[in-house]
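So that you can tell them apart, the chains are marked A, B and C in the order they are listed, and the count of residues begins at 1 in each.
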Amino acid sequence: MQERSLREFVDRQEINDLLVDYCCALDRMDLPRLSALFTDDCVVDYGPNDFLQSRGSEALEKSLERMWRWSRTSHHLSNVQIDFCDENEALCRSYVYAWHEREDGTNATILGQYHDRVVRGDRGWRIAERRMLMNGCDAGFKVNINRFEKITPPADWIAPNIDGTT
Amino acid sequence: MQERSLREFVDRQEINDLLVDYCCALDRMDLPRLSALFTDDCVVDYGPNDFLQSRGSEALEKSLERMWRWSRTSHHLSNVQIDFCDENEALCRSYVYAWHEREDGTNATILGQYHDRVVRGDRGWRIAERRMLMNGCDAGFKVNINRFEKITPPADWIAPNIDGTT
Amino acid sequence: MQERSLREFVDRQEINDLLVDYCCALDRMDLPRLSALFTDDCVVDYGPNDFLQSRGSEALEKSLERMWRWSRTSHHLSNVQIDFCDENEALCRSYVYAWHEREDGTNATILGQYHDRVVRGDRGWRIAERRMLMNGCDAGFKVNINRFEKITPPADWIAPNIDGTT
């Protein structure tokens, strides 16, 4: 059990590094480094539009060239949760605060989640499936990211009178 | 010492997961899952007003129904610090970036801290006490969260002339 | 190898705590605690202007008195990456979301990175070198922090027509 735990901690560290690397490579726009974080046959789904879906790391790298349209970005990862399926596969959920700036100085921020399946291959842990969901965004963000759905209130719920919102 | 460390790492991981679970369950508005993260007799203090204080996980679950008034939220945890009192109890401090959106599209963001006492019970680690503090917020946030107090400058401090703020 | 891993995990935890302590001590404006996180002969570079560079923890503590000009701040750390040079030295990169508020209620937010060299001394891990870089900021932030440079697009890249940005 001690052996198992230590192994699991190494894996958790490597998977966390993988998810952080994605953010850093994207902000740097190091697209070869970024696509190398995914399996060759990865499936990536940022949203329902065709241009937000990619199959294979090569197609993903090509698709993410769209991020050049931002002059600057900053992707901050948090809330990482990792559940191991077996020793070579895990399901991960994480949150991202993603800020984007256009050449004209306007910006767009998204509060999102990454729901991933990661697998261990010859080159270490890689993202095999990524689905992005959006908790929310500011008025500047217009891309149609998959919407995160929360549980709806019970039918008899009455909004309280707090901060003038009811 | 090696045995102790490994045990402590497992505990740190479980406590970190507990704090992250709170954020995720709140954004999902999964209130039963959320209240199960607290001890039955927990004491929770978000601010001085009565409606921001709860005793017991049942009362907390009822109280947090107020969060239905937001159409969407996103709670991003960071800066987690854990100090063990003994092997079954720890004091934790963490930061949260919490974004909230109303049905009318207006939003409110708070930059806060959670100061927690967590204990190990039959069901694993749970939050026994939580006090929330606010470092700051934007103009849209109106709830009276406990204010985090910083150390005040010495009496003879003179503000420097930087970025036109003095 | 097991022995090495456990040691490395303890070090990773201590280094992570060090980086988080910086954020917490800065928001609390506990300057003696903050300067104690650095080596006596540290080199700190927030930007090209003289007042943004410090040599030695004593000079740094004095220099950071400028942060009193903010009424409130909130520094949220994420994306921590640690690469060990040897068992007593490591290179770290991390991201920070840093919110600042002036006495007049206006605020300024920066999305930045810390690139650090940390060393193990008699008092544990300390920051020996810190260079701050800026991914971006809002219109309220005016300080000349070192700019993070991303890779530029290939000469033949054509901006796609997404969200009205082209």
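One rule holds in what follows: a residue touches a chain if its C-beta (ideal position, glycine included) is under 8 Å from a C-beta of that chain, and two chains touch if they have at least 3 such contacts.
Just so it is clear, the model here is predicted, and its values are computed rather than measured.
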Rotation, 0 to 180 degrees and nearest 5, that superposes subunit A on copy subunit B via CA atoms: 120
Interface overlap for subunit B and subunit C, more than half of numbers shared or less than half: same or different? different
Measuring centre to centre with CA averages, how many angstrom lie between subunit B and subunit C? 23
Note the residues in subunit B that touch 2 or more other chains, in rising order. 6, 9, 76, 78, 97
As the complex stands, subunit B meets subunit A at residues 3, 6, 9-10, 13, 17, 20-21, 23-24, 27-30, 51, 65-66, 68-69, 72-78, 97, 99, 101-102, 105, 107-108, 141-143
Give every residue of subunit C touching subunit A within the complex, in rising order. 2, 5-6, 9, 12, 76, 78-81, 93, 95, 97, 111, 135-136, 138-139, 148, 150-151, 153, 157, 159-160, 162-166
